[in-house]
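The following blocks contain the structures, represented as structure tokens.
The two complexes that follow have subunit A in common; it is paired with subunit B in the first and with subunit C in the second.
Our next item is the complex of A and B:
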């Protein structure tokens, strides 16, 4: 009887794994088949000469290059805003907060995690409206506003992953450093954070992925269908997810729809590249950490 | 080798009516004790009798646990000067460096064998980079570990055996030039042979340090101790000299008392 249940459980877990992997392969295959053929310089730059487009001298009309640049800029800017804040909050929650403060702060993080992205977009939109009516009449939706709202959106992932990774460390690791005479800060920087690095990195990856794919927030805070390369963080910009959404909803020909699939594939590749970048950063951090401390 | 008593014992730890509690529950009650340099004291007692809490009171590590409260006077002679450590006589990191601790299980830092020594030496002592290697070697020699690890200093520390890890922890302490060593059942996680090596090491160190070791093994206490303190319910109920420990009838009484 027990043997039968074990077999059944094994079969079920295999089925679950195969289903997941199968769905992913199916999805990638579908996107590949529909999008792969469209990946060529024309997809990126339309009829503009590529070099002129890349250095931004010539405007691109029918390509996704400005959207790619916009998305990368958006993700980098929102990471820049969110990662330090998220790490700091996670560290605070895991090691310094206690009692009522910790409860209230955790509640706030949970509430923030529960906010739908469209509401975050509305918040950004309302913020600009109120700014226009009060202190800054020229304020407008822009790259910075989108990045700020996206940072708010991904902040809870970073906080929770940092907090969980730090709290999961064994007590003895904390005591080891302190008993040797490390200050709490030295213990955090040289012992706890490096060990918790993997967990924190998965928070960063989640956040980056979320920031790259979100459409609802940017829809209301500054993205447009056609603006060329963003000329600054206070400028309108294009972004891949919005471009895909726009093409899917309003494609006027099969070629445009195909371009949508191509753009989706590029977004996927871009996100994967950002993940790899995050891994690379982490491994260099670990390496410099080793070198700094080895010293012999 | 007969029992030998140093002529002049230099007291280095004075504990007077020490009370320690966590979250309102008192663990140590009105504890009094005295320890000397060059003298290996072993603390014996049932589990839960407050042995570990007592050790952690000496380097103020109890404060890392929620809602700890300490009352009473605890004076340590550090750098030749008496200091009441609960009256802020010394910054905490400095105190913990001078009063080193080894735990029941090896508490390793992340990284290699060399990292485990180099990191504290660099961060806590501020030893310049060019002098770190020689200090690491010196500490590993002191802990009788150098010959076993000199060819793989960059291997991850957790690849060492349990006994080696525990000696690595001791080497790490010694590298920081402590004056008092607190050992919380340092051989509890080791097999007999590895435990003997650690004991040998302790005996070779005791001339230069004040050593307070918690043990759960009476035979270990008989091998190591110049003096044994018997803990029960958070206070010292008996003190035994080296001669007392060797005498068969005290042994019987002790067995009943402790176990």
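Our next item is the complex of A and C:
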């Protein structure tokens, strides 16, 4: 009887694995095959001369260049907002907070991590609505607002990764620095942060990847389909994930559909590269410091 | 000279040192204050989000629209703003997506922990980890181009944009969440029992089925709860492939609209103030669910010490 159940379980697990791997390969293969041929300068710049487009002199109408620039601007701006805040909060939670306060702060970070991204976008939308009602009747959704909401979205990841990386370090390391006469902050800056650096950096890269791929937040906070390059942080902008979303619904010709495949493949390559970098950093960090959680 | 100086003014040296320590102390508390400020700002944002959503949802109660919002019909031009069909849509989509993804996830975890060959564990978990990095919008895009025509071809009475299509796509997206959480839990249990059960003559497969499975049940629950909440919180896949008709579905081939895509759709089509109230109500519902999920996970975590890996990612 036990043997039969074991065989049955083995058969089921093989079935599950083959189904999943099959679906993923089909999925990626489909995207790769249809997208591979579309990747060329025309995909990015349309009929505009590439150099003129890159320096922003000539507008690009039939390419994904403005969307790429928009995504990069969005990611940079939200990193600028989220990284200092996330690192500082992570350090505080790992080494300064204690007792009931630490529990409340951790609960808040976890709640923040669980909020669906569309609700984060709705928050940005509500912010603009109330700004219009009160101090700035001209306020409108824009790049800055999207970056702020994305920063909120990735903030909990940054905090958790910083906190986890610092807490994984052995206590002796902290004590050694302090016993040599470092102040707690000197110890943090010169000993603990450099050692935890790879763990923290992997968190930062993951956060960047999330900010680059999220669509729901920007959908509510100012992304548009055709705006060209963003001219300022208070302007509308284009972004790669929204461009893909838009083309899936609105593509009118095969050329536009092909552009959708190209854009999807570019976005996938971008997030995959970020993921691989983070994965590598994290695994080297774990191998060095987190022996107790290492898989055997 | 040195001895003389020390002897003549011992208090000065001490006061100098004390002043230096006081200076260091002030710097330390200054830095601590800054870090605390950052933490309060980060954590306060949760309250800010809740506050804004509640403020904008408030007119529902003060103007007495609650019964209208909690009704079964969404016809904004006839003044009917019910969001219950969307709530049902969200729930049915999340449940069916879990129904597909959860068994698959358990199968994969079992495969990696004794039911399958050891040499395939590494590549398999690598692939699952990689899946976390695939953007949601790409799942949606491929589904629109590939799965929707397939469903339309198989069931000619459907447009292809349906509950079924969305559930299948969504299940692929939430699969890594489930697998990584169960995998982390199994790994912890494995470290505790592996030697003992091997010494008793269990094969790896038997260890998994009869020793580890009962011990890991909190992890199994946590994965179910977290996977469900991820499915409930997704917007883009539902928006792209579920069809978005505001109705209670009768069959898997019907078009449905979720609370999340409802928010996106109403914001996109400029509407009346009452339509806006309905999206803030939807936002509050989603917020409430995510808090409930968090508290549940906390309860499970505090008793079983689940690792932090794969929490929301």
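We take it that the second predicted complex is superposed on the first by the 238 of 296 C-alpha atoms of A that agree within 3 Å, B and C clash if a C-alpha of one lies under 4 Å from a C-alpha of the other, contacts with A are read in each partner's own complex, and residues count from 1 in each chain.
Rule of thumb we're sticking to: contacts are C-beta pairs under 8 Å (C-beta built on N, C-alpha and C of every residue); 3 or more make two chains touch, one makes a residue touch a chain.
A quick note: this is a predicted structure, and the numbers were derived from the prediction, not measured.
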item	value
Contacts of A:172 with subunit B and subunit C, given as first, second, both or neither	first
First, second, both or neither for A:183, with subunit B first and subunit C second	both
Touching partner for A:30 - first (subunit B), second (subunit C), both, neither	second
Subunit B versus subunit C as contact partner of A:74, first or second or both or neither	neither
Partner chain in contact with A:111 - subunit B first, subunit C second, else both or neither	second
Partner chain(s) touched by A:194 [first = subunit B, second = subunit C, both, neither]	first
Greater subunit A contact set [subunit C / subunit B]	C
Partner chain in contact with A:229 - subunit B first, subunit C second, else both or neither	neither
First, second, both or neither for A:218, with subunit B first and subunit C second	neither
Contacts on subunit A seen with subunit B and repeated with subunit C across the two complexes	183, 293, 295-296
For the subunit A and subunit C complex, residues of the former touching the latter	2, 5-6, 9-10, 12-17, 19-21, 23-24, 27, 30-31, 34, 84-86, 88-89, 91-93, 96-97, 104-105, 107-123, 125-127, 129-130, 152, 155-157, 159-160, 164, 183-185, 206, 209, 212-216, 219-220, 241-242, 244-245, 247-249, 257, 260, 264, 267-268, 271-272, 274-275, 279, 293, 295-296
Touching residues on subunit C, where the partner in the complex is subunit A	24, 27-28, 31-32, 34-36, 38-39, 41-46, 48-49, 52-53, 55-56, 103-108, 110-111, 115-116, 120, 124, 127, 129-142, 144-146, 172, 175, 187, 190-191, 194, 203, 205-206, 209-210, 229, 232-236, 240, 260, 263-264, 267-268, 276, 279-280, 283, 286-287, 290-291, 293-294, 297-298, 307-308, 311-313
Subunit A to subunit B touching residues, read off their complex	98, 172-183, 186, 190-191, 194-195, 290, 293-296
Subunit B residues within the subunit A interface of the complex	59, 61, 64, 66, 93-97, 100-101, 103, 105, 107-112, 114-115, 118-120, 122-124, 129, 132-133, 136, 153-154, 172-173, 176
